[in-house]
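Letters are used for the chains, namely A, B, C, D, E and F, taken in the order the chains are written, and counting of residues starts over at 1 for each.
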Amino acid sequence: MKFIETLRDGERVGDIYLCKQKTSAVTKNGKAYESLILQDKTGTIDAKIWDPNSQGIDDFEALDYVDIVGDVTSFNGMLQISVKRARKVSEGEYEPGNYLPVSQYDIEEMYQELIRYIESIKDKDYQALLHSFFTDDKEFSECFKKHSAAKSVHHGFIGGLLEHSLSVAKVCDFFAGNYPVLNRDLLLTAAMLHDIGKTKELSFFPINDYTDEGNLLGHIVIGTEMVSDKIREIGDFPVVKANQLKHCIIAHHGELEFGSPKKPAIIEAVALSFADNLDAKVETFKEALESNTEDTYRWQGYNRLLETNIRKTMG
Amino acid sequence: MKFIETLRDGERVGDIYLCKQKTSAVTKNGKAYESLILQDKTGTIDAKIWDPNSQGIDDFEALDYVDIVGDVTSFNGMLQISVKRARKVSEGEYEPGNYLPVSQYDIEEMYQELIRYIESIKDKDYQALLHSFFTDDKEFSECFKKHSAAKSVHHGFIGGLLEHSLSVAKVCDFFAGNYPVLNRDLLLTAAMLHDIGKTKELSFFPINDYTDEGNLLGHIVIGTEMVSDKIREIGDFPVVKANQLKHCIIAHHGELEFGSPKKPAIIEAVALSFADNLDAKVETFKEALESNTEDTYRWQGYNRLLETNIRKTMG
Amino acid sequence: MKFIETLRDGERVGDIYLCKQKTSAVTKNGKAYESLILQDKTGTIDAKIWDPNSQGIDDFEALDYVDIVGDVTSFNGMLQISVKRARKVSEGEYEPGNYLPVSQYDIEEMYQELIRYIESIKDKDYQALLHSFFTDDKEFSECFKKHSAAKSVHHGFIGGLLEHSLSVAKVCDFFAGNYPVLNRDLLLTAAMLHDIGKTKELSFFPINDYTDEGNLLGHIVIGTEMVSDKIREIGDFPVVKANQLKHCIIAHHGELEFGSPKKPAIIEAVALSFADNLDAKVETFKEALESNTEDTYRWQGYNRLLETNIRKTMG
Amino acid sequence: MKFIETLRDGERVGDIYLCKQKTSAVTKNGKAYESLILQDKTGTIDAKIWDPNSQGIDDFEALDYVDIVGDVTSFNGMLQISVKRARKVSEGEYEPGNYLPVSQYDIEEMYQELIRYIESIKDKDYQALLHSFFTDDKEFSECFKKHSAAKSVHHGFIGGLLEHSLSVAKVCDFFAGNYPVLNRDLLLTAAMLHDIGKTKELSFFPINDYTDEGNLLGHIVIGTEMVSDKIREIGDFPVVKANQLKHCIIAHHGELEFGSPKKPAIIEAVALSFADNLDAKVETFKEALESNTEDTYRWQGYNRLLETNIRKTMG
Amino acid sequence: MKFIETLRDGERVGDIYLCKQKTSAVTKNGKAYESLILQDKTGTIDAKIWDPNSQGIDDFEALDYVDIVGDVTSFNGMLQISVKRARKVSEGEYEPGNYLPVSQYDIEEMYQELIRYIESIKDKDYQALLHSFFTDDKEFSECFKKHSAAKSVHHGFIGGLLEHSLSVAKVCDFFAGNYPVLNRDLLLTAAMLHDIGKTKELSFFPINDYTDEGNLLGHIVIGTEMVSDKIREIGDFPVVKANQLKHCIIAHHGELEFGSPKKPAIIEAVALSFADNLDAKVETFKEALESNTEDTYRWQGYNRLLETNIRKTMG
Amino acid sequence: MKFIETLRDGERVGDIYLCKQKTSAVTKNGKAYESLILQDKTGTIDAKIWDPNSQGIDDFEALDYVDIVGDVTSFNGMLQISVKRARKVSEGEYEPGNYLPVSQYDIEEMYQELIRYIESIKDKDYQALLHSFFTDDKEFSECFKKHSAAKSVHHGFIGGLLEHSLSVAKVCDFFAGNYPVLNRDLLLTAAMLHDIGKTKELSFFPINDYTDEGNLLGHIVIGTEMVSDKIREIGDFPVVKANQLKHCIIAHHGELEFGSPKKPAIIEAVALSFADNLDAKVETFKEALESNTEDTYRWQGYNRLLETNIRKTMG
């Protein structure tokens, strides 16, 4: 497949792309045309159908996969495709992994690892709560598996939310072993649930953008309410355990100015905020190092997320 | 009545006080005694019952009102009462207003004013939600009427939560008239509900301290969940209205560093955060000016809450 | 009229525009030409007179209104007008409201409302001071009526200073009624005078930019001096009243880091800073919502002034 | 003389002190007594006249110098003097320098040095302005000579304002020589005038506290207005020079959060803010080192003004 | 043994204490006496020898262990011991663990675990460097074993530096396993060496206070120089490895405002700063929970180091 | 010479430029070409050799001076040179000052002035240390003379490090005279050595960019180690003097958030941080004023380094 980031001015293109947006418009001369945004996992490109009613231009809609034939041209310094033919294709004709960013790990394997952590929880209340999400609620679990953990920044790919939650759980599991003062059951439960609000804060791929609810409430408040709802369904959940767990979720950003309405006030909340922050920072660093494909010059310049100039470790 | 702040070393005291705390202890010589904290609206004082089993010392418990006879002495530079006689009294023997700080306004009158604001709401969804709290839920409304709005700081008295919520609603009502861009129904609903989480964040008087839930979750998250619970009970509440209202509650502190997990993102949230902050600041200023009973020197020194030296306006 | 924001490459234009700047230059080939910036209320556009001495090019200067005939071309991705004919027009030939941003409210009506507030002031000293500005000083009052309240940001249009000052006065009038602890006369006087320094901080339209004095001293210091000057002219103005009023002006930004050399130390200064800040924020929000003409996507993205992603309220 | 900081419990005292405050009061038994605060340059002490009408207790008032005979006792862990005899003394009977902190340099000599700096100014406008303050305005010059530059912190002694202003002028004189880009006349004028507002911000010794005007307006705004007033008296002062000079005064704290309503925008304002800040820091450091009379341990602990642990340089 | 925190006014004491300070002084009557500070692991108490030359008062010096007989009295609200007899005792007569705070783990066992981490390092350069400190330099290793990691705050006890360094190494070992992007050899080397500067920043027990060098340079700079010195001794140490290792030490506080002159710029520096910060926070939390011996009230109030109200986790 | 900033589209160029970078590439058609960055003191320009093997294209490398003949064209809005002929030239054929920014002062004269300051130091230890750098270490002194003090910002030219160090020394010399509390020998020694780490933090011209060591360690730590190394070579250097001097270097940025791991704790460190900061700010201001070649409009707009809008002083 010819990926979008490799297209050059003057080339002819003939390949399947995901149509992310599609809008109709009219030229100054009054002629109707259509404006598309095509996407694959390497980026997006504008495309124009100057003759929408011509033979060879099928009906299709935004979020369809479309086999495009056209010419790459440069307009105002940006590449765009002038589309000659467009055919909507069916599932099976394309490899989804080529169009949307996806975790490098196997999603089902990660999910099984998460389930094993749930089975290792000794506290029956916390375990029941976890099962009510990850085992019993199929709609939730399907959604959780496919979600990203971010619009951009780190873990912004399919399976990213699962990959991040699992990694935070692993780190917390180690912390609980290393620091016996920590309550492992509370900490692991909080680790697995801390970001579940993101399933509603962000929409599914390929959109992967903040929802209205996400913008208004944020994943911390949404996730806390999701936990409260399940606890109500379960019934008989001890109040103190519920409050401690919700506190861990509320406080997991560590500081008020990072959006936590409470600072960590119990030690598991401290440990969770470290695990979450570390996993995010390491992934951010890793993604930043990977995105640097030149190896002639080692310093990558100021990285806005890490707030410093960074480079790959040598030797 | 002889108020606690007027007691002096060497005086004999004989009056009714609220017993805020009561603990048993043993002297170095192995003799049992009891240690009390007595309270009235002017403050608290330590008291000791050195001979708990003597005649004249009735059985009573913390939070009882007790008629105390004793001597005021000085110990380590602090006054304390050596209790000779103690008799638990009944309701009616004392004037509650002497023991607990209370709003200067009539609570029932304020509540009726709040109800009139609810009746002025045109949006049926918001109005139904308000009625479900303030009209239909007797437990909630009784609690709301008696609560303070703070442990210390401003409106830290019985009826303070009602007084503050009503005042914020009045200010918001004016804002809605002055700035037609504002949605009055949403704004007033949010004004009346913005601090309801304080009914669970703070315990009742005379304790009036942060509850476990209050410390762990805070009134912003608690209040948001209370709204969600009522909305679920009501059923058929439009999602966008629910999210906008919850956003106003979540964002009412205005800035992340003041404990709001989201900054105001719709204009009613901006207006509410101003009304809330203004009402708090004006009340803080007023209480600070009132607490200054000397009038010979006008500047009151650095006020920690207002972060500057303040004085009463002259002329 | 053909507004600047609607011009497109290749069009012929023939309409009256305000000439904001005019400079002479020489091409590499040594040929003299003239470079203009033309403006209407929708924006500005560069224009070139390649043949300044040709017939049809009248004499005119910067800030004249000129009837332009020419062709719209694209240069380095920016549109510009190649001017063929240019004729200076007289007052009456054009509608000023098309060229400069202006308040949507009637300036004289707003001014009368301001005068009524002055007449409602009971304190004779404050009232005399207000009359000395708004009634007796014709030069000041003319200037005040036409000024904007900002270079950009909020109220950046003709009449904006008056509109904002009047709105702050209204809000303060309500505050004084709602919080009896406030001295209404002091608060309203301060509200009407708080931004008068802007008449010297910013130049008149169409320039509407910071003056040298404005950059060096700022409207807070300038306005304070203007009040001192009038007080001196009036004579016999009580010192404490003068200092309290000047304090309100000095402190109206609320915090040192926003340019107030003192934090509010009297309660009227607190109230004024809230009224000013609220009015500015609401107007900023309103202008941001209005500038978003698309309605397909509701969230407007990060707003630099409000420091968050915002959207219009729904429902 | 027996200085206050050397008094010990049980001693008899017989010496002249400055009476800083005097208030009448009544004991619980209804007996009238008088409460004094006595001061010398080493500190203050409470004193009581238990028998105000006895022979040997003269009439005197606050701010009189009084010859006191009495006994030092300890009350609540604080020393106080029980006064037996009190006689108001006349000027000449006491050495003023023993009672109020005073500059270690000769005030008249410092003033002559300041005058010589004025005479070195070449710009006639700036020089005339300086003369109008320091030469022609006797009331101002007397006040300026005796004022402190602070309530506490640095230069908080008689002559402190002069000493600090002169030192800042010296440093600026060097800067002007070292950096030719600086306009020496503007910089030195600003150096001498930058803190003149303190003559009204702080009251005279022995009070040396913030005045009402000082609290409300601050020395930056007061000083700017003083300069404006003199400029008006002088007449024909060039506007740009006036604005640049006032800008230097306004911006001399260097940052908004330190109370300057504008940051330095011309290079002389940058240089002045450095000279002022350096002189203050060095004096603060010097005073902190001097106040440490122990030499056994060299580190002085956290210094709140310098925000670090400090010590004297060795070797 | 009778511990200092249990002493009460009026008791007779007869036990061995560590003499932390000893100074000679003279009473007002001219009589020589000696002033001591006695210490055990529960705190310190003042003591006076009013009759230093009496029989029964042996010669001893600061930092000797002394068998004290005396009476506990109260002076200005503080307890002190009036010493009747004092005898310097020899090693073996007292249990050192009673006088100085010490790690709850066995120091030699911890050290062996550290050595095993060194042996697991595959990079020969880093391993040689670690051996040069921990194996070959006996003076260093003895010092390292006994040092605390802080004056107060966390790990402020004998063995605290070793305990903290080992724990950080363990956490980093896990991180290296969990995040393959991390260079384990570099990260573990940095973990073990990151705080070695504390061996010179803080003096030995019982003083355990900042040294002159510690106050002037801090452990970050001192430790970096110690690493440079060993690297020079070893010779042939690759420059890039040296710089990366020193960078990890320099950046281990994570942010400039916490005293790191560089922010983490390589991923191992990020991981180390998390491990160090987490270990410090968990230990701080643990020590805070342990110091709260009351269990009647669960919330401990505002904790200055953790910047929030905290409590033990329940359930 | 035709300077780069004066080149225009369509011109033919024929002059000597410094080749800063040179890379080989291949067009889409598979044809080899070379891409250059040419530099003179006015800026840089891209250049392409489309026919690298043609006669007239000599062999040369990056950092050679090359006589270029070619045509200036515009590509994507940027100018570039299409190179027709390229000849490597020898030293003597070009004037180095045209290619690299250089101090306006004579480097040798400045150096002699620095040496005179060294000779004025009375403390033999400090003087010996200074000689060991500036007199005895030829490699260091050559490097020091030619280095810049910054990549961009202030003193970013050949000789800039010397010019800045000398200026800081002059200012410190004045401070030592004006404030006798300062130890002149320590202060001047620290002034001359405070930025020597920049000789390793930044590479030589024409690169003048951060080195790997510079990015990882920074000039503060590097410079401190350089001082330690010389002190070891000298031997017998008093420890307290060494620590005080190193403290001054470490603390010379004044605040932790500016990269100093310690705040100034001795008064010379305070004075040095002021001198350094002042010299940097004045030079920054001067360079900003010089870079503004227009004089029609006086305010230069927001200056990112000075964090305000600035202008040249008038009058």
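By definition in this document, contacts are C-beta pairs under 8 Å (C-beta built on N, C-alpha and C of every residue); 3 or more make two chains touch, one makes a residue touch a chain.
All of these numbers come straight from a predicted model, not from anything done at the bench.
Among the remaining chains, which ones contact both chain B and chain E?
Touches both chain B and chain E: A, D.
Could you give the fewest steps needed to travel from chain D to chain F through chains in contact?
1
With over half of the numbers shared counting as same, classify the chain D/chain E interface as same or different.
different
Looking at CA centres, what chain is most distant from chain C?
Taking each chain's C-alpha mean as its centre, the farthest from chain C is E.
Among the listed pairs D-F, B-E or A-B, choose the one whose interface is a repeat of A-C, with over half of the contact pairs the same by residue number.
Checked against A-C: the matching pair is B-E.
Between A-B and C-F, which chain pair is linked by more C-beta pairs in contact?
The comparison resolves to A-B.
Round to the nearest whole Å and give the separation of the Cα centres of chain A and chain D.
Spacing between the chain centres: roughly 62 Å.
How many Å are there between the centre of chain B and the centre of chain C, using C-alpha atoms for each centre?
Computed value for the inter-centroid distance: 44 Å.
Please set out, as single numbers or ranges, the residues of chain C touching at least two other chains.
77, 212, 215, 240, 244, 262, 265-266, 309, 311
Looking at the whole structure, which two-chain pairs count as touching?
Contacting pairs: A-B, A-C, A-E, A-F, B-C, B-D, B-E, C-D, C-F, D-E, D-F, E-F.
Going by the contact rule set out above, which residues of chain F touch chain E in the complex?
Those residues of chain F that touch chain E are 212-213, 215-218, 220-221, 224-225, 228, 239-240, 243-244, 246-247, 250, 256-262, 265-266.
Considering the complex alone, what residue numbers of chain E touch chain B?
Its residues touching chain B are 8, 77, 298-299, 309, 311.
Within the complex, which stretch of chain C touches chain F?
Checking each residue of chain C against chain F gives 28, 76-77, 210, 212, 215.
What does chain C use to touch chain B in their complex?
My answer: residues 167, 170-171, 174-175, 178-179, 181-183, 186, 238, 240-241, 244, 262-268, 270-271, 274, 277-278, 281-282, 285-286, 289, 306-315.
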